[in-house]
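Two complexes come next, and they have one chain in common, chain A, joined by chain B in the first and chain C in the second.
Entry: the complex of A and B
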């Protein structure tokens, strides 16, 4: 074992210590002992000791494995190779212990035993192995029904919130859509063919528990079209203090329905006179605030589906973006043909026009919403913008003049 | 950098087995890589891909996007994987002697 005075300090304190865990594994894995050594060195030097890049993989796939080599191989031979394998997770991260044991046995045999449960995109991450172990590890995984996740300029592993499995707010079956999308886009996941990465994330309602709006090129967020369902007796119980706000998850013992709920409604479409709670549903923007505070009294409607938003990505290159609305409402019924077709159209339009390493959101900014909508076969609708443009530099197409000459219809 | 000997020639390579420099490339290199990449016999279509990659790289200083490779050769991505099982990056570019793909792979 290497001496690790800096890392040792991270064994104290109440939070589970990753150093303690690593040391436990290091007793039986040389690679993990050397990993601690490299990490200690990085703490000292304040710089990474992994070399640039790395291209490894398994035959048939162009993605799923991230190659890594230390720049101190003589001192830490155990991590000369330290490749990462992404294993596609089950929807909603539900496992049986049998499944987890299976995975651990495979990784114990072919890798460092270290896991990341889970990577930010969702995959189960096997952390650290050598090139010669990749194919045997992959063979064992597939024999048990597991497959690799995505990496590189490809469809990445889709992920979803727990949805209908254990949440009363889910407006569609997020786990089913996630699974269906994963199966449908297998070729695109395993064989990179896009200008850059593309991610799909599925949340059952606007609470957005997988943060789809911020970290998926295609964000699918459940929503309803009809009225919020109100249970009057439960509203009374909240007002009387018999029911605790937010399922007991808030600091308030008793809900002040006017101050805490209706006055905070962002569209001011609610009213409470001390007795009756009223909602002007056509002005509700489905923010979830009232429902989240009074889960026993209020529920989303029953005409459910999802809003599709596109374009979010981290700052590089053109600045961070959140996804914005492209389809205000789409029904989400198995087998999701309309959704799959639209995603196919979007990736095709982007692959045709995108520059090398240009995310789809950046391409939309470069070519404009009009080109995008035309390219993927969508109608322009007011819900796609927060406000209309503030400048007059509108580009008129010949078809606009033709339409104007014939007497344009502004409203369909 | 390690050195690989094959067919009476020596090649300088990095840890992923990519050539250090396209100038060091020769047909012996292709013969060496094909076994590592699971290719039993080189067909005309393999050479079409290799030649296109080299021409594009010499002209533009970068490897082409997958879409461009498909368009110019007329080969669908599925067929490119049949030719090069580890794909256009790890398989074909390595064989053609191009520098290794970088970025978020």
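Entry: the complex of A and C
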């Protein structure tokens, strides 16, 4: 074991200490002892000690493994190779202990015994192994029914919120869509063939518990089209203080329905006269605020599906983007043919026109929404924009005049 | 390639669901948060599932996972899950076993909380543990910040939930661009060009194309197959290093932490928001990053004092105005705060609506 005076300071305090945890394994694994050594050096030097890049993998796949080598191999030979294996997680991150123990046994045998549970995209991360262990590790994983997740310019592992498994607000079966999309796009996940990465995330309602709007090129967010269901007795119980707001998760003991709910409704479509709660559902923008505050009184409607938003990515290269609406409502029924076809059309359009390392959201801005919508066969609808354009620099094409002559407002 | 199994995808989720979830799938009626960290979901049928949520370091060992499995075997019939913020949840139908789960978690050092108006787990990245482009560490800063804010993890005392995220460079893996408070690793010096290595290791056109500000061009001397960097145009994003190993951008002393605030992803009341720059630079100070920890506590405390009920950090700041945010948090406003990238104009104040 290397001396780690700086890291040792992260062993105290109430939050679970990764150093304490790693030290347990460092006793039996040279690689982890050396990882602590490298990390201590980084803490001293204030700089990373991992070499640039690293291309390793398993036969048949172009993605799933992140190669990594330390720049101090003589001092820390245990992490000369320290590759990451992305293991595709089950929908909603549900496990049995049997499944987790099987994964641990494989990783204890073939890797460092370190994990990230989970990586931000959703994968179970096996953190640290050598090149020669990749194939045997992969063989054991597939024998137990596990496959690798995505990396590189490929479809990445889709992920989803807990959805219908344990939430009363889920407007479609997020776990099933996530699983079906993952299976449908296996080829695209394992063999990078896109201009850059592409992520799918599935949230059951506009609370967006997997942050789909910010972290997925294709963000699928559940929504309803009909009326919010109201339980009048429960509304009364909230008003009387018998029921606590937000399921009891706030510092506030009693709900003031007017001040806390109706006055904060972003569309002012609610009214509470001290007795009856009324919602003008035609003007509701399904933000979830009233439902989140009164989960026993209010529920989403029953005509449910999802909104599809496209384009989010982190700042590189053109600045961060959040996804924006491209399909205001799509029914989400197994086996999701319409969804799969649209994603196929989008990735095909992007693969054809995208530049090297250009996310689909950047391509949409570069070529314009019109080219995108036409390219993937979608119509212009007002829900796609926050406001119409303010500048007068708009184009007319011959096809617009043709459509006009036929009495249509846009081409189809 | 004989006997090779490929393209099987992950196991189907229904293999791992507790019977009560299978029976009531899509038929949940409401939920309650019984106490910080303990959720109860009630189905139309009247069936109940209890979830006890606990914090994890995210970077864990198989020893930790096996400890967690022992606990789930003892009290939860072997069922558990992890959340989108990397917390662990023990799932059980018998509420008399909640006390046992909680005692077991306490013994393992797993803090109970992360529900309702709390500071839940910090979504974070690889840092010096495994990445080659970080400006800061991830796990160490997260541990230091969570130790300091621990009282907020297992309680519901904030005006709304507060999401903290960390990214060790501005690739922003994770949720930094959309969190209430975000910790971001930044460089402050231009990359050093290693001409000798560059000609062997890098593809020059993709390296040039990787620069958001167009600061990279081919070396004027055609015999030197390399690039030059126009340093006044470089804002140290490090993306050229991602493409080209001969352009290291690290500077141990000048690199550090920036803090962003006011982002969110939910649609509740207000649309999703990006986080915005609050503190342009704090020193990279392992192992405990005291300046970062202190600055975050100050922002969180001022928010907790000043925000209305149900107001997220971004909603609070937009209501009081950014000029007031800097005033109450006692953060100096600098040249760095003013956007000067492409669509910067949208961030300037084209009105008389401001406070002195």
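In this text, the second predicted complex is superposed on the first by the 400 of 412 C-alpha atoms of A that agree within 3 Å, B and C clash if a C-alpha of one lies under 4 Å from a C-alpha of the other, contacts with A are read in each partner's own complex, and residues count from 1 in each chain.
Simple rule for what comes next: a residue touches a chain if its C-beta (ideal position, glycine included) is under 8 Å from a C-beta of that chain, and two chains touch if they have at least 3 such contacts.
Since the structure is predicted, the reported quantities are computational estimates derived from the model, not experimental observations.
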Does the chain A-based superposition show chain B and chain C clashing or fitting?
fit
Regarding the shared-chain residue A:61, is it in contact with chain B (first), chain C (second), both, or neither?
both
On the A-aligned overlay, A:151 touches which partner chain: chain B = first, chain C = second, or both, or neither?
first
Give one of first, second, both or neither to describe whether A:187 is in contact with chain B, with chain C, with both, or with none.
both
Per residue count on chain A, the busier partner among chain B and chain C is C
Quick check for you: in the superposed arrangement, does A:53 touch first (chain B), second (chain C), both or neither?
both
Going by the contact rule set out at the top, does A:345 touch chain B (first), chain C (second), both, or neither?
neither
Taking CA centres, what is the chain B/chain A/chain C angle in steps of 10 degrees?
100
Pick one for A:315: touches chain B only (first), chain C only (second), both, or neither.
second
With both complexes overlaid on chain A, does A:357 touch chain B (first), chain C (second), both or neither?
both
Nearest approach of chain B to chain C by C-alpha atoms in the superposition, in Å, rounded to an integer.
5
Overlap of chain B and chain C contacts on chain A, residues 51-53, 59-61, 187, 356-357
Considering only the defined contacts, which chain C positions touch chain A in the complex?
1, 4-13, 15-17, 21, 25-26, 28-35, 39, 41, 49, 51, 55-66, 68-70, 72-73, 78-84, 86, 88, 109-111, 115-117, 123, 125, 127-134, 137, 139-140, 143-144, 146-147, 150, 153, 156-159, 170-178, 206, 209-210, 212, 237, 239, 241-242, 245, 250, 252-253, 255, 263, 265-270, 272, 274, 284, 286-288, 309-310, 341-343
Given the complex with chain B, which residues does chain A contribute to the contact?
51-63, 66-67, 69, 81, 151-153, 187, 191-193, 195, 197, 351-352, 356-357
State the interface residues of chain B toward chain A in the complex, per the touch definition above.
15-16, 18, 37-38, 62, 65-67, 70, 77-78, 81, 85-90, 94, 100-105
